[in-house]
Amino acid sequence: MSDTLDATQARDMLVAVSNYMIDRTDTLTDADLAIGDGDHGIGMRRGFEAALEALNGEAPETVDAPFKATGMAIMSNTGGAAGAVFGTLFRAGSKGIPGDVIDGAGFAAFLEEGLAAVLKRGGVTEGQKTMVDALAPAARAARAASADGLQATTAAAVDGALQGVEASKAMVATTGKARSLGERSVGHPDPGAISISLILTAMRDYAQTN
Amino acid sequence: MANPKKILNDPKKVVAEMLEGLVFANDGRLRKLDKHAAIVRTDLPESKVALLIGGGSGHEPIFHGFVGKNMGDGAACGQVFAAPSPDIIVEAAKAVHRGKGVLFLYGNYAGDNMNFDMASEILTEDEGIEVRTVRVTDDVAAAPPERMHDRRGVAGDLYAIKIAGGAATECDTLDEVERIARKAVANLRSIGIAVAAGSIPETGKLTFELADDEIEIGMGAHGEAGVSRQKIAPADTVADQIMEKLLSDLPFKRGDEVALLINNLGATTMMEMLIVNRRIRQILDREGIKVHRTDVGTWLTVQEMAGFSVTLLRLDDELKHYLDLPAESLGYSRM
Amino acid sequence: MANPKKILNDPKKVVAEMLEGLVFANDGRLRKLDKHAAIVRTDLPESKVALLIGGGSGHEPIFHGFVGKNMGDGAACGQVFAAPSPDIIVEAAKAVHRGKGVLFLYGNYAGDNMNFDMASEILTEDEGIEVRTVRVTDDVAAAPPERMHDRRGVAGDLYAIKIAGGAATECDTLDEVERIARKAVANLRSIGIAVAAGSIPETGKLTFELADDEIEIGMGAHGEAGVSRQKIAPADTVADQIMEKLLSDLPFKRGDEVALLINNLGATTMMEMLIVNRRIRQILDREGIKVHRTDVGTWLTVQEMAGFSVTLLRLDDELKHYLDLPAESLGYSRM
Amino acid sequence: MSDTLDATQARDMLVAVSNYMIDRTDTLTDADLAIGDGDHGIGMRRGFEAALEALNGEAPETVDAPFKATGMAIMSNTGGAAGAVFGTLFRAGSKGIPGDVIDGAGFAAFLEEGLAAVLKRGGVTEGQKTMVDALAPAARAARAASADGLQATTAAAVDGALQGVEASKAMVATTGKARSLGERSVGHPDPGAISISLILTAMRDYAQTN
């Protein structure tokens, strides 16, 4: 295979991501039960079910279109903090995707643009125990691997995200619903960070097998 | 322990079905927007500053149950424990707008902040509607006083809505309504305690676990952890702890006049709340703080969570005036 | 399952402490009799027909939370789930009496009947105060229509008190107030369902046991058994069952106009009640029955029992007039 | 001993009854949990605690006085159905006690007068699964044994009451809070009937040992 994605493949990848996330509703809910309000899984399910519907139309004309559609669907249907930040990630991230195909650099740019917008929207920095703590290392790792092609880039992003999930365990939450737990949030990974790692895992798997 | 039983149809449709039931219950005084989870008064005057409230559902009667004269003009309703999305907020704001701008008033949570802010940007940029935002930050358990902006909005929402709603009826400018709402929030302090957890309909799971002899002080309105767990204690002891935290925070001082709100988080009996009120009044008497009015009831719930919160609002003549305007809504009514 | 946790002081003193808290919460509008568990309005007019309500405690806000203008003039309060003793009732009646006689209005239970009757005899014989008695018998689950006098009083109490309270403000004679209260009761029908039990503070024990997947239809207001146990069902199915029992009982007919009351028995969420209301309105629309007003809230509880009841009151112009008079009390307020 | 009770003994007997009943709070509550609202034990405790206080004064002048005082205390402090019927039993029953001492006939008259007043107050007849179903057979048995002295009379009353408790199991409740149970009340004894049997047991024990 060519190690890039065209518009239809981008759409199919996001369909795969959506299904992957919907299947992980309980995992995410349980993670949010530990340090939040216990709804992250069902929120992501609402968002990605809506994304599936939005993606299930004619073939997309441009490669960024399915990302934007996914972002819009999540933004309108998830609600809560996740709706805002994951919606922003896909919507703003889509602006980073250049040209007709997604290659390693394009994928890294997606993460970088998304990250920048999320940081602004959420008013957070790294280390506050949010999805940013998976997204930021993922974006950095993706950029570092971007010359090696899309498969290598997505794989690097997953590794970065997983390290971020791991690192988030030690962080004290200072935003979102885990905030008031303070020290008691330590030991648990951030649910949104887990979502980032899962989204990227599904993307990597798609890139490697299609 | 088994998951709590609920009388529901499809757990994924709770918000939509509830809003239908809410509109029915208000017989013509409210409507739901066709395509969005938003509730709007049908009896809005031609011209007024609009007050839009909202937040996650599952806390009934707040927020959608607080729409009515001298309360919210409309409410944007999220799914259970999830802030409404920007498009719901945008459509709700457009529906309540009566030419004088819209005040957004809601509890300070990351999700609400981001979604309402996005809506605000869209309204300002695309619709030319002036929007101001006041976030309720009454939960003293959530952060120390110097990090006010990190505090959550809990049952004090009711008084904030009540005062902003009155101001939005009587005042002519968005500036003025915003100023008064901000003053209310600045004088508002709450803290809650939880005795037992509630559950989210769609997951059926309790949002936290407490041992049979434990309570949690400072529990958040979504079952987020509070400031401390401790052994269950007598009502007077719990009231003492709560009042110490509240009084020292603003701080409330001898000679202050306050409104006092005791809010049932769900399954607590009014008997317990009245017994707590007895002690609170003994303490306030001792401290020389005068109670102008008391509200004891069920206004901001966390599904069937057992527990309650206590809110104090320091009053001046202006706040008193707007607080005391008669208001009627499904969830709160007082002459 | 563990006994429910409650935030109380001495469980034997719950009623006394609660009444103190209640008086505080009403800031001057109510007082408690010195030596008796009775609550009386402080703003009683010089001359009026008096309405005395009452019953066992533990059902807050009913009854003592329903004392106020256009509601009860006073309430005689028993211990938890136990009718007040005759001396409490006698003293309460003497305190509310304003020269025009006293109407006793309470739920039809053997304990209440006997204690209020004894008080009535004492008042008539020893005090020369004219007393009339109207017992609320709205619970269709308790007995078939031909044994109306065997039916219990449940949440319909609120509408009966609301109407009798209005009549006692406006009407000049005890005869007239009694007639109107009786008419209200004759047109009142309720039925409840329980999802989980509540507990009595002093024993700490749940008053009944229900399996994790069971509900009870027709549960009484003290956890007395209802008419049937069944597997938990969707809200629409439960609403269908309830409405079939209610509508066929009076019976309510096409063209009737009703007030609709959905009452939380304790720990049920307003979300559930609104979802049930949605279905009830679909059914009433289909049957051609018009809803004049709806009340959805928490008025007659059974401690922290989970469940709710539905009440229909058939209205004519007279009942509508008294029902719609504005009323304000700690537990019920509507303009 | 003389097989009669004077005023002081009558008082002491009722003190013994009160303590006996207070000790049985849980038994009575459990019986009421099965078919009522679960408060019969605490109601009786309230009543008999108040009775103890009322009885704990100077020596009574007449033999009926402690019965009347007990009835008043129960009536004012128990509440509920039990307050009315047990208060009535002691208050009205005291009127049946003639003379300076209680003998078998006097005791039987106490039960008979009490029963008559309770029937009137409660608007019930035998067979409706109430305390009357223990009180009525107790009164009959007492009358039948009354010529044999107080000890025999109280012993007979206990037997009658216990048979009544037993018989109440098969009855369908048609008054009180067990009423709505209908057929489901069958199999459980009536809580108030149990109270009658316990009150009489304590009286018998007193009569036999003092």
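The chains carry the letters A, B, C and D, assigned in the order they are written, with residues numbered from 1 in each.
The criterion applied here is as follows: contacts are C-beta pairs under 8 Å (C-beta built on N, C-alpha and C of every residue); 3 or more make two chains touch, one makes a residue touch a chain.
This structure is a prediction, so every number in the text was calculated from the model and none was measured.
Shared contact partners of subunit A and subunit D, listed by label: none present. Touch-path distance (fewest steps) from subunit B to subunit D is 2. Between subunit B and subunit C, the centres computed from C-alpha atoms are 28 Å apart. For this pair, subunit A with subunit B, the centres built from the Cα atoms lie 32 Å apart. Mean C-alpha position of subunit A lies 54 Å from that of subunit C. Those residues of subunit D in touch with two or more other chains do not exist in this structure.
In subunit B, no residue touches two or more other chains. Taken as a graph of touching chains, this assembly forms an open line, each chain in contact only with its neighbours along the path.
Those chain pairs judged to touch are A-B, B-C, C-D.
Considering their complex, residues 56, 78-87, 109-111, 114-115, 117-118, 141-143, 150, 152, 200, 202-203, 205, 207-208, 218, 220, 222-227 of subunit C touch subunit D. Those residues of subunit D that touch subunit C in the shared complex are 29, 33, 35-39, 41-43, 46, 75-85, 87, 121-122, 174-181, 184. If you check the complex, the residues on subunit B that touch subunit C are 1-2, 4-9, 14, 17-22, 24-27, 57-58, 60-61, 65, 193, 195-196, 201, 212-213, 215, 232, 234-236, 238, 266-278, 281, 291-294, 296-298, 301, 303-304, 306, 308, 326, 328, 330-331, 333-335.
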